[in-house]
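Beneath this line is the structure, given in structure tokens, with notes to follow.
When the chains are written out, they are named A, B, C, D, E, F, G and H in that same order, and each has its own residue count from 1.
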Amino acid sequence: MADEKRKHHFDKRDRRGKRKSEEKVDESSPVIAAFRGYQQELDERYDRYERIIKLSRDVTIESKRTIFLLHRVIGSEDREGLLQQAIDKLSEIEASKFRPIAEELKDEDIYQFIRAYTSGLQEYIEALTFYNFLKNCGLIKLEDVQKRLTFTAADDSNSDETQQKTQAPVDGHIHVVIPPIEYILGVADLTGELMRLTLNSVGKGDFETPYKVCDFMRCMHAAFVTMGSMSRDVVRKTTVLKQSLQKVENACYTLKVRGSEIPKHMLINVLTCASSG
Amino acid sequence: MADEKRKHHFDKRDRRGKRKSEEKVDESSPVIAAFRGYQQELDERYDRYERIIKLSRDVTIESKRTIFLLHRVIGSEDREGLLQQAIDKLSEIEASKFRPIAEELKDEDIYQFIRAYTSGLQEYIEALTFYNFLKNCGLIKLEDVQKRLTFTAADDSNSDETQQKTQAPVDGHIHVVIPPIEYILGVADLTGELMRLTLNSVGKGDFETPYKVCDFMRCMHAAFVTMGSMSRDVVRKTTVLKQSLQKVENACYTLKVRGSEIPKHMLINVLTCASSG
Amino acid sequence: EGVKEIFQDFQVYLEHEQKLREDIRQAVQNIEQNAREMMTLLLSVHQQDGIKQTPSICQSVSPMFHVIQEKMRSLAELVPANQYYRFNDIWRFVVQRLAFLAAFLTYLQSETLISRTTVATMIGVEVNREDGFHLDLDDYLQGLLQLASELSRLAVNAVTAGDYARPIRIARFVGDLDAGFRLLNLKNDSLRKRFDGLKYDLKKVEEIVYDLTIRGLKPNETAVQSI
Amino acid sequence: EGVKEIFQDFQVYLEHEQKLREDIRQAVQNIEQNAREMMTLLLSVHQQDGIKQTPSICQSVSPMFHVIQEKMRSLAELVPANQYYRFNDIWRFVVQRLAFLAAFLTYLQSETLISRTTVATMIGVEVNREDGFHLDLDDYLQGLLQLASELSRLAVNAVTAGDYARPIRIARFVGDLDAGFRLLNLKNDSLRKRFDGLKYDLKKVEEIVYDLTIRGLKPNETAVQSI
Amino acid sequence: EGVKEIFQDFQVYLEHEQKLREDIRQAVQNIEQNAREMMTLLLSVHQQDGIKQTPSICQSVSPMFHVIQEKMRSLAELVPANQYYRFNDIWRFVVQRLAFLAAFLTYLQSETLISRTTVATMIGVEVNREDGFHLDLDDYLQGLLQLASELSRLAVNAVTAGDYARPIRIARFVGDLDAGFRLLNLKNDSLRKRFDGLKYDLKKVEEIVYDLTIRGLKPNETAVQSI
Amino acid sequence: EGVKEIFQDFQVYLEHEQKLREDIRQAVQNIEQNAREMMTLLLSVHQQDGIKQTPSICQSVSPMFHVIQEKMRSLAELVPANQYYRFNDIWRFVVQRLAFLAAFLTYLQSETLISRTTVATMIGVEVNREDGFHLDLDDYLQGLLQLASELSRLAVNAVTAGDYARPIRIARFVGDLDAGFRLLNLKNDSLRKRFDGLKYDLKKVEEIVYDLTIRGLKPNETAVQSI
Amino acid sequence: EGVKEIFQDFQVYLEHEQKLREDIRQAVQNIEQNAREMMTLLLSVHQQDGIKQTPSICQSVSPMFHVIQEKMRSLAELVPANQYYRFNDIWRFVVQRLAFLAAFLTYLQSETLISRTTVATMIGVEVNREDGFHLDLDDYLQGLLQLASELSRLAVNAVTAGDYARPIRIARFVGDLDAGFRLLNLKNDSLRKRFDGLKYDLKKVEEIVYDLTIRGLKPNETAVQSI
Amino acid sequence: EGVKEIFQDFQVYLEHEQKLREDIRQAVQNIEQNAREMMTLLLSVHQQDGIKQTPSICQSVSPMFHVIQEKMRSLAELVPANQYYRFNDIWRFVVQRLAFLAAFLTYLQSETLISRTTVATMIGVEVNREDGFHLDLDDYLQGLLQLASELSRLAVNAVTAGDYARPIRIARFVGDLDAGFRLLNLKNDSLRKRFDGLKYDLKKVEEIVYDLTIRGLKPNETAVQSI
């Protein structure tokens, strides 16, 4: 990583050096001298931004895959195995994508780069909260998510370079800071997956999940309604959330009216048939 | 043309016949019988519409070409030759495209098909009025355009078929009726071409055309302003017209201020140089 | 200024067109008011016990078509010969609704498909374009598609009202309509789009028949037929 | 430089306008916060067992309208005479929501349709346009349409909660609302659009009644009526 | 059927509203026709030799404002108290155009900036919002911005017509207008947007003065001043 | 004038392009006509007693693919090498429909999932992108999603027609399809959107199986298998 | 209900954010008012004889930066550490304008390019991000691009005022700026877009130099240099 | 589960696609960087004294095309056969810019019009569409239109630099280009739009010739020809 970085910088100096000899630019001009400096500053920022965007894009792809994987849990015989696979994938994302992002953001104003990684971060939160819902049936707190994106500062060979460039944080940790709004938006997206989960559950003969999800989503909906129009994104996602909620409510309704038709003595039969079919 | 038409109809009967034997449709049902009739009616209308659209598309292409040709008049040594070429092209469009359209429209409610040929018609009007402006420096009247799109009814072999189907008009003529609004919109488009003409003229050292065009376009603009917001299309085109007019006014302005610099004795010199350069 | 003279004529033309369009619009709005009232009446067939009052509902709506006929004829007089399609957009919507009303009324009375000619007669317009203000084929077809949609709703409410034979008959009727429409080679955008909805109406009534079948509630064929 | 002085006057004027608009916006935002809280409370009727706690939910929401009345009156004082429609857009949304809340509360308490006058009284504004800050008819109607939508959702959740009589009553109520709206000649775009949604709400509750009927879950009329 | 009666009242109410809106629209369309004629007349100042006929053009337009005043007063009578801003959008465009016409006429007559009061008087409306149907400040300012745009065009055509002093005076006038507008803290979107156009109008006339200067065509100050 | 000759060449070239696009569009429209007819025929399997006539329906549709192959090959010949994606949008819709028709036919004949290769062969295009005019993977998958939707409808009508084994087999088939699609990480918007619909199709057929099961109508495994 | 507790914290968070954002917005609006006044003053350099009064104009604007510094420092205090870019959008516009004002003032005083450090000092913010509320490089560059645009206008008006040397110097200055900007590898959309405008500013001043050259009005180099 | 294996293959396939698009985008961004550097160099011909250094400028730009060729070939290798038009949008912009750079360089070296073949060779792509990654005619023409625009600017600066022969030659060249383009019946929107700009470029250079002519600064034909 650090080697690559250094190489990158070296390349640039090389390119610039070569250019110098060829160009028709008047290097003695103070304007040109100033702009050479601006160029470097802009390039550094853009490059950092680009690197973060690329990492974030990978996070998005991998998180989406994790969500797809988690959907396979329903009706699967290897529930625990799949959940393990999912959390492994998430840990891998944290180690191989978020840690480098945290390094890029060290001592920076994160809001300068937030747009570069917001979509990846939200998708990751969606995946992680989805995992947690399947595993523990609840909502994982922001602090707990934040802990997963907090890393001990690297102690490897390139630490000297890092040290020189910036002040290491006192506690020896680096983070990908999660602004609360990002957490909220990621959680809002979770509800879409929960809706899919419910519909799939109904299909697979799982009659418990829908009611559980329905309750959970009603709480979420109430929370979002109370938050209100603080942010345009929240309003938009509240609308989607309500639509998802109604789909889940309809699923529960269907279960109820269909369930009403089962002769009591057949119920167990049906359930066992359904789960093996 | 007529042969082709008959063939077309024959094809269809054939197709339908074949289908009848194969299909699972209950032909005894009165619903099916009624819908077979509707199918024929719809097919006829759609086919006619398609045929007109195709003709109109050709009209558009050929008219655009005529306009391009007419732009070459400026600065050309063979002004009369080019004008002749243009009017020949327009006559060709009338004979080979508008006559068939007129045949299609015979005894129909033209407004049912107007959208199929409105763009071709407007483009043709644009081309014809452009030709007329270059030739006679004025605006050709709607009646005169209408005359060009009035044809003596064909007296050829397929007249019997036509006669059977519809009442031939008493005067033995068929027309492509031009609703006044189409004429107005075509003329509005003309102003765009006049603007191009002006700018090209200035380039080629033609100092008269700009002033002539400017005057003409001011009259047009006044007319359009007076007409006002009767139709949305008119409003839209009035805006474009005003922009074109201002470009022409700017061109005249340029001519004036540049012209102010010519030492009187050089004027003739310059003009001759410019026209030969 | 030849240009000026040429354009002065158009001014008159445009003003006349605008006036005419305004008059037509008013006439159409007036008819829409009647159509709305007829609509409310006919749709009451969906209400609790409404299905049992079908005959009386039909009886009250039926004569209202006389008013429609009169008003449509007045409208027709406004429109210059051979310019039906120039102003078509203004009355298109209400004519489709009237076609639907006529078709729904006829269905409720006899469970038959109203013909184009009958619709034209009921709403007081010509059948053929050549004869003047007519019933456009598209509008008639749109009316039928609205009918299919209303019937799928009626099938639901019939079951609620305990009438298990009606949905079976509706399913057949809508199935026939679907087969009919499939014969058509539709290009027209709005007709095509509405036709895509027919698929869902059909599916809905098919599912109702399914529900009845699986629960053994489907009456036998004799019971279905005897209306 | 007469021009300069004139424009300086305008500047004072424009600043005053902007201040006023800002104050109104803040007052409205403040009311929105209250409305949101009332909303959250009332919507808890959808929750599992929520339907059984309707009385206590209503009791906690009911007094909150006093605060609304006060705040709406303060808002009304901000708006200069004659300028209701100038700033109308700012409070339109929240007034519609309040109309909905009043209508939903009333429905839950008595299963009746709230009148325009009652809504106006409950939210502390005038009934008549002439009297100043009033309840616009459009906004009242929008509130009713929101009510229909919420009731169709309630019908779903009532079934899930095992209450099979309520959907039947909701279906009748929404049917009446639909018939009422059908009498109106709506032009207003947003109202019209929302009204198109009413059709789906009605269809939804009719299908619920259908589902109950076909499975023999529909209670008899006496059971339906005894609220 | 309480619901039905209530909704029937609404229907009456809504129809009255629609009628009112329709009447206002017609009155405005009528005024637009007059405004268009005045526009065409005033714009003839751009025509070749038009600039020399300024006095006679002004003389023919000036009395036409009497008709405008009458028609605007009739319009004002249509609008119920308190509802100016409800229907504002309908006449906004024509009032801005009238403000422009008044401003352009005044400029052509005296090369001065028309005041808001004078515009209001010329078109027959109140100056102050409190007095009812008034000239909104925004509309007056929009008229001035249209004036700037038209003057930049006039500067072009004046040069073509050989009048080299007029562009100099126009440049100064538009410069003053620009300085005036710069004092305002504009929020209104459409006004703001139009104001951005003023910058280009000013640049355009400055470039005309430049063109004249560099070619030695700029008259001396005395020649510029003597109108 | 070397420039002139060069540009004249370009002109010839550009005209050729326009002609080409027009020709392709016509060829596609022509194929759409055939596809529509095949569609009507195949969908008649849903009609009353249709399900029993499956073999004869398939027999009449099957040879129609020869015409499709011919026409698709002619279309392919129109498209110059390397330019498949230049005109792709024109035939995308009809190719998806043909893929569906081939998949539905194959299912009705053998209750198996058609492979991409077989679809390509049946409609007369290449399998691999490298070989020119091919069947794009997206289009094949879209065809399969249409199949799932049509099969869920078939399951409903099979029950109505008294065939209780078929829905069981359909449920397994659609379940396999769903599992397959879940393996894909879809990006493509329209494909993803259509895929979201698959879960409703699956839910529907699984509900039918449930309905049959609880009523003891589910045939035993041997009966299910023997087609 | 763990969910409820989790979300209650956010409610507080969001309210605090909203309040903060509101406070910042007000502070920025206040600064905008000052910037507008400075703008009007500085732009008077374009007016008739304005160019000759450059020194006195500069003298009156120069001290106004003290007020700006104070107000900017108050603004800076509102913004939490390391959250500059969270609220950046609110002050971005006014800071760019201030950067322009500082750059234009400096140019008018000394015909030199203001450095980033000097701009930061003049408007009372830090140079480096690490030190807190700083001058964003983008905003400084945007200010320079506005300068180029204003200078191209000044070149026009300088000629009008008879100063033929100034455009030559402006052309060189803008040429240098262009060369500088060309070194930058711009990605940022708005900066990139504005930079595309620089091309036109440069072209404009090049054309003015051309106009002077061809008419023999270009002063010799000594005359150009002596400011 | 045959289905499963099939779908796993599809998944691999889809991932490969996404990767491919990403790789192409990166390759294009990389080429854009080179193009920008070449642009800055070539445009320095406009700077003071730049026109005299044309040969050395050309000499430094010329070899940079080798790098372009290499990178374009690598890009071409990324794009699978037949899929040029699938990813076309990604490189369209940079290819147009490269075409311009090649055309401008060629003009500066020999004052001739570069042929499509030569552009293709210089930037390392095929000439003919059939051969794979080629130079689209549209892109070549767009490059020529950019050339015309740049040459009109060069004509202005040539006069400033005292070179009166060059504008005459440029005028002829641009005139030829204009005549060429007039032969084309353009459909393509963006090309047509850009072409409309050509007439302003032509007007500008012809005005320069006019300026030179009336002042007797136009060199005689021999002087014009000797480059």
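Rule of thumb we're sticking to: a residue touches a chain if its C-beta (ideal position, glycine included) is under 8 Å from a C-beta of that chain, and two chains touch if they have at least 3 such contacts.
Remember, predicted model here, so these are calculated numbers, not experimental data.
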>> Shortest hop count from subunit B to subunit H along touching chains?
In response: 1
>> Using C-alpha centres only, name the chain that sits farthest from subunit D.
In response: H
>> Out of A-G, A-F or B-C, find the interface that copies B-H, where copy means more than half of the contact pairs are identical.
In response: A-F
> If you fit subunit C onto subunit F using only Cα atoms, how far does it have to rotate, to the nearest 5°?
Replying inline: 95
> By mean C-alpha coordinates, which chain is most distant from subunit E?
Replying inline: F
> So what's the Cα centroid distance for subunit A and subunit D, whole Å?
Replying inline: 37
> Between subunit G and subunit H, what is the separation of their C-alpha centroids in Å?
Replying inline: 34
>> Can you work out the whole-Å distance between the CA centroids of subunit E and subunit H?
In response: 47
>> Using the touch definition from the top, which residues of subunit F touch two or more other chains?
In response: 18, 40, 44, 47, 185, 211
>> Show the residues in subunit B shared as contacts by 2 or more other chains, in ascending order.
In response: 25, 61, 222, 226, 261
> Once bound in the complex, which stretches of subunit F touch subunit C?
Replying inline: 33, 36, 39-40, 43-44, 46-48, 153, 156-157, 159-160, 208, 211-212, 215, 217
>> Which residues of subunit B touch subunit H once you look at their complex with the stated criterion?
In response: 61, 64-65, 68, 71-72, 196, 199-200, 202-205, 254, 258, 261-263, 266, 270, 273-274, 277
> Which residues of subunit A touch subunit G in the complex?
Replying inline: 25-26, 29-32, 34-36, 38-39, 41-43, 46, 49, 107, 109-112, 114, 138-139, 141-142, 180-181, 184, 216, 219-220, 222-224, 226-227, 230-231
>> With touch defined as at the start, can you tell me which subunit E residues reach subunit G in the complex?
In response: 172, 175, 179, 182-183, 185, 203, 206-207, 209-210, 213-215, 218
> Hey, which residues of subunit B end up touching subunit E in the complex?
Replying inline: 211, 214-215, 218, 221-222, 225-226, 228-229, 246, 249-250, 252-253, 256-257, 260-261
